[in-house]
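Next come two complexes built around chain A: one with chain B, the other with chain C.
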Partner chain A sequence: MKTAAPLDPISFIISFVTEYYPFIIEGFLTTVEMTFLGLAGGFVLGILSALGDVYGTKLMKVIIAGYVEFFRGSPLIVQLLFFYFSIPALTGLNWDAFTAGAVTLMLNSGAYQKGYFKGAIEAVFKDQLMAAKSLGMTFRQTLTHVVLPQALRIVIPPWTNEYVSLGLSTSALIVLGIRELTNISKSIAAQTFRPLEVYLFASAIYFLWITISMKIFDWIYEKVKIPGLEVNI
Partner chain B sequence: MGEVILACEGLKKRYGDLWVLKGIDFEIERGQTKVIIGPSGSGKSTFLRLMGLLEPPTEGKIYFEGKDVYGSGLDLNMLRAKIGFVFQEPSLFRHLTALGNVKLGPKVVLKMKDEEAERKAMDALKTVKLEEWAHHYPAQLSGGQQQRVGIARALAMDPDIILFDEPTASLDIELTWEVIDVMKDLARRGVTMLVVTHELGFAKEVADEILFMDDGRIIESGPPEELLKNPKTPRAREFLRRLIGGV
Partner chain C sequence: MFTFENFLFLLQGVPNTLAISFLSFALGFALGIPTALVKQFSPFGLGHVADAYISVMRGIPVLVIMLLFHFGMAGIIPVFKSAFLSATFALGLRSGAFQSQIFRGAINSVGRQQMMAATSLGMNRWQAFRHVILPQAFIVALPGLGSEIALLIKDSSYAFVLGVLELTKYSDIVRKATRSFLYPYLIAAILYIMITFPVANYLDRLGSRLKTKYGLR
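Let's turn to the complex of A and B:
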């Protein structure tokens, strides 16, 4: 985009959005897609590791602790590079940046979600487990009918934090060259020489997306709330 | 002699190095109400949890309707479904209404259809006079109401016996009465009950036998008028003197 006289920021934003909007939309959708993949995979991993940690054998607890420590104790960017480059080297299995990125996000988010789920599962007090046992309920029936319906409600507020955190962390995918919102913004900024406006605009997209999402989660939380089940974990 | 529902022989329980139960023989027949009293730490609650099949004994045998519970490969969950248990804390499922709490067992464990389980649950709630509170959540009920829901939850399973572990210990005096009234009503209807409580009025009125536990053993037992008036052992005499004297 070449202009004789520099445009004022507002006019510039309008003009670059008009010109680049297909890329911006692509970047935003990739960001959202990666966030949802990471959260969904992390949800399954998080619940399973939390159940394993609360009810499992000693060996299971040790393995889960190792997994959680690794992903919570190292930077996401390092994890992304590690998985993208080391898995092909170690296994001969070749995977593209998108798959490597998605898997890493799942593993990373699972480690964080495990903590939230564990807190929520433990918030369902032991006396209720004893009561379920006295009715003759099996462990599985107790999980399905007593523990999870409560834990899944209790976990919504902390889980929203993980959504926000992971959603914003997807910008780290830039190191794998994935064309998400941050990466696209960087290209546009480099082409237009207007980093201020471009990154400002990108920030606004992140901000709006996260704010609207949080409102939706708040709404869901209110919708499924049960009196007396508010627990802070 | 009626049919013996629940019995035990040489029952012992150890936690780590501590023997909490040191050998108990006991039986209760259909329709009977037996009350256990005794100082805290005497093993009353442990005894009840073992009889409720919530924990296995370290030694000794438990019989349900004459069958050795741990010795003959019985399905413990099916037996637990026939033994009601009311806890000291109401222990209600906090995500379910009163009705939901009472309905869950019949539906999930007894595999009743939804309408059938609901009818069963409403009947049980009527018995504890809580039908108007059926759609309230535990947090919206008083302690006494919660405890009555706990009783209804046990009743709805049509158990052969209900065990009560100090059901009024965490309640104010007025709330205690409403729970005790429900329990007296059940005893008069012929529900078989084994009750740990210090409500001697309840024991006097409805118990067929009182058992005095101390230090992991039943050291004295007898009909209420006898045991409460003329305890034979010094431990029981001392305990009752303090309990009645309120010291």
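Let's turn to the complex of A and C:
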């Protein structure tokens, strides 16, 4: 971008957005895509490890505790670099940054979601399990018809927090060179020599996305929550 | 090949990781308590300002704040010429918003009756707050502060992107130098766990012990 006189911030933002909008949209969509991939994978891993931790054998509990401690105790950036570089070295399998990033986000989010699901499963009272048993329901029926329908509703507010924190953590994918919003902003800032305006603009996009998503999840929770069963996990 | 010397080299990143995390925690503490008070009592209608600060910090990645400080604002604020200080201030600013939430939750957990009881004993509102509510709230806040420190230690790794020589940067240097793709990051991850786990665990247990000792809920 070549301009004779430096533009004032507002006209600069307008001009760079009109020039770079395909990249900004691409970056934003990658950020959203990664967030949802991580959340979906983490959802499955989280529920399975929560069930394993509550109802499983001792060995299962130890393995799950190790998994959770590794992913919650170390930084996402280190996990991303570790999986991206070590898996090809160990298995000879060549995987691209996008797959490595998505898989690491899933594993990471699963470790956090496990805690929320465990809290929600335990919030469904023990008497209900006995009541279900006395009605002749099998363990699996109890799980799908009694425990999970309640637990999945209770888990929405803490799960929203996980959405927010995972969504913001996708900026760590910059270390693998994935073209998400932060990485795109960094390139645009370097090309235009106007980092202040570019990063402020990126902040605004993140802020609007997170704020609107939180409003939507709050609305969903209000729609589906069980009146009288408000539990703090 | 990854050798013991490489491991010792890697350890040199730990002091900077600790410095970033604890300095930003201190900054967050200094910002968090006033923010919690402003949000609680809203003097001069400033409650909305505290609200805006908290929701902005909650909605932007800390890495973007770091990049904004270091690359965007170094010309305006000379402190941000240093990557180390940009990272510390970004984390501290965000931590202030998070810690204010922790303190507010803790203050609200101390019952309103205690405020009434203290004022009926002739204390004014500030004295009651300072001598009755705050000491109890601080104990209730300890576990939350523990996880906040753990979060800061982990998120100090974002400073790697600014090129600060902390643990993640050192493990990256070792990976490049040794071409060992497994150990540098694995050892860095284990070191992070070894730092975060005791801190969070200690404050958690201290919190519950003091709660029992002083009969708090």
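The rule we apply is simple: the second predicted complex is superposed on the first by the 233 of 233 C-alpha atoms of A that agree within 3 Å, B and C clash if a C-alpha of one lies under 4 Å from a C-alpha of the other, contacts with A are read in each partner's own complex, and residues count from 1 in each chain.
Note that contacts are C-beta pairs under 8 Å (C-beta built on N, C-alpha and C of every residue); 3 or more make two chains touch, one makes a residue touch a chain.
None of the values given here were measured: they were computed from a predicted structure.
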Fit-or-clash call for chain B and chain C when the two complexes are aligned on chain A: fit
Partner chain(s) touched by A:V164 [first = chain B, second = chain C, both, neither]: second
Contacts of A:L93 with chain B and chain C, given as first, second, both or neither: neither
Partner chain(s) touched by A:I226 [first = chain B, second = chain C, both, neither]: first
Inter-centroid angle chain B-chain A-chain C after superposition on A [Cα, multiple of 10°]: 100
Partner chain in contact with A:I10 - chain B first, chain C second, else both or neither: neither
Per-residue touch tally on chain A - higher for chain B or for chain C: C
First (chain B), second (chain C), both or neither touched by A:T182: second
First, second, both or neither for A:L59, with chain B first and chain C second: neither
Contacts of A:Q79 with chain B and chain C, given as first, second, both or neither: second
After superposition on chain A, the shortest CA separation from chain B to chain C (Å): 25
Touching both chain C and chain B, counted on chain A across the two superposed complexes: none
Footprint of chain A on chain B - complex, ascending: 52, 54, 77-85, 87, 89, 91-95, 104-105, 108-109, 137-140, 150, 153-154, 157
Complex contacts: residues of chain A adjacent to chain B: 124-125, 127-128, 130-138, 141, 145-146, 149-150, 153, 226-229
Contact footprint of chain C on chain A as seen in their complex: 69-70, 73-79, 81-82, 85-86, 88-90, 164, 168-172, 174-175, 182, 185-186, 189, 195-200, 202-203, 206-207, 210-211
Chain C residues within the chain A interface of the complex: 55-56, 58-65, 67-68, 71-73, 76, 150, 154-158, 160-161, 168, 171-172, 175, 181-182, 185-186, 188-190, 192-193, 196-197
